[in-house]
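For reference, chains read A, B, C and D in written order, and residue numbers begin at 1 within each chain.
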């Protein structure tokens, strides 16, 4: 039986990881359902289809953004769970909270694809991904704090600190993008792209 | 070949668990499809979107409740199957019956999100989750009764009894909430939240 | 590289089984999407919802039938692949053909739920499940015919013959039910239930 | 932590493969959602359903084509990842890009099923599958170029060259089919079938 605070090992960890991967895979694949084929009368197709498909561009953007977002989440989740050997109820609950956000992503994505030039959908999208990232940071922080019980071996403190700072900066930038969205919706969306690029450069430099 | 009453081991158990985890992951992720982006003419979006999104609250509540419900089911399923080493047809059939309920959850959730202030949807929702919980109890009871054949080692009788009582009390409370729903729909929904909270406290105390 | 006729082992088999289990889990869970919450104006809900939910019974029946059908397919697929240790292109292609049918099941199910009192949907449903069952028989037959290369050990010939006969009888009964459906749609559906019951008894007797 | 250029092994590879298989399984199973049951008034069903179902043939064709396409992708992905023992960020990113195309396939399939007799949908479909195939070739090429770090053992150079040529020819034929589609949409679709058949023969001859 699963005991609160009790430690479980090996195969148990695998089942948590498998369930998480299932949610990742489904959330990432459901995104496409939001891109609907335009409805055009047969006689107008040749003339109107190109423009109709181009006008779906906010949907393609949403697909791309959320795919990248969930892929980044998966990569970080993968890194965090690599050294995990056992788990307790807190880790399990934090992971479920995180998965609740991942599985929710298709809704703000759909909202962004429909009303992406308005402030509220942009803010909701930033808030969803920011909270998801924050929960990942919480899972990481919790697992390293109890590393003697949860992890295979203690992690390098400098690396842990680096990932903690990174894991707090990203949600802070999402928060900043919400503030920016009140002034310019387009600028807020650009903030995310700049953030992804800078993050990639920083991580690359750190581990050269 | 799979023989009725015959025992199978190891990897076979893993395939049952993998299929179950697949159903859990998909059911949990499909829930979001029920939260539909409101359809608002472009000129009214800025004005009407906030209220339209707020009016979706029964959908968010349904998403939250069913996500928590399925997550709790997964956690218990995980505990039950941890010591399982082999299985027979009865265990397989019970598990499929249980998965049939898990995969069905999106429908009562959708019903609750649409007509959550009416008695019937609340009763159907409680009945679905109550039956799901009862089937989990049946799986647990059956596996411990044939522990010499199905489990790695005999389980502690006091713990088995505790989980049997818990596994019968929760469905009983769901049944009670159906009775309550005839008098007050809101009170019935609150019963579920109180039940989740008390259950968490009881389990925590038991395994301190 | 995968060679036609070439043999691959262990982990490879697991990836085929994992992909198959993914398709099983998703097909089984998508079925619920076909049961749509009825659309009733708020003032009429209390009065009309019960009848509206009852009138959905062909949808519940379709959910139940297809869930059982796919669960039985999974159980047989599981039995067939248990002794499989390596595979060749023919086995891979047969399995993909079978998965194509499994993934298709939600469509005839939806057709049956919508127009279940008409002959054509009943015939299409029977044809789909009959072809699926026939492909399972083909997979089984092929794997036992090349047992020295594909299986861990040669299978008991009497058992192989029993499963071959069973695996041809079920499609034959589905074919028969198509013939019956021209005379009575209801009788054709009942044929399936009788078939499931008799099959369970026969398998049980055989392996007592 | 995942380091750029850093090597990770064993179980890590399995998690990438599992996530990929999840996306394959879901994309392949979602295809059926595009085949919608026709909406016919009860009194006309017997008369109109057969013709309505037959008129869905472009949907069935799309289902078949995309199922085969994704199945072929899976088979090649499976071959490419069989010798992979560790991975770096480039391989991870290339794989995610590829999965982004696989998860996108239901949209061009739906477009083809709706407007399959027009040039644009046929071109978009060919472009999607061509790009997907090209990304698989890129993954293969990258993994063999760094075989000392990523693979279990160096691959046979002649076989690598054969697969590289094949992996560039298929996208080239998809490109050619786009050119053809400007002259004849039907001929472009036939190009794909001829390509699948010739590819099967060539692979079969090569590994006889």
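Structure notes:
Basically, a residue touches a chain if its C-beta (ideal position, glycine included) is under 8 Å from a C-beta of that chain, and two chains touch if they have at least 3 such contacts.
For clarity, every value in this text was computed on a predicted model and none was experimentally measured.
The rotation relating chain C to chain D, fitted on Cα atoms, comes to 90°, given as a multiple of 5. Relative to chain A, the most remote chain by averaged C-alpha coordinates is C. For the pair chain B and chain C, the fraction of shared interface numbers is less than half, so the two copies use mostly different residues to meet. A straight line joining the Cα centres of chain A and chain D is 25 Å long.
Under the contact definition stated at the top, the residues of chain B that touch 2 or more other chains are 18, 22, 25-26, 30, 33.
If you check the complex, the residues on chain A that touch chain B are 1-6, 8, 12, 15, 18-19, 22-23, 25-27, 30, 33, 92, 96, 99-100, 103-104, 106-107, 110-111, 114-115, 118-121, 124. Across the interface of their complex, chain D is touched by residues 17-18, 21-22, 24-26, 28-33, 35, 37, 40, 45-46, 49-50, 53, 63-64, 67, 71, 74-75, 78-79, 82, 155, 159, 163, 203-204, 207-208 of chain A.
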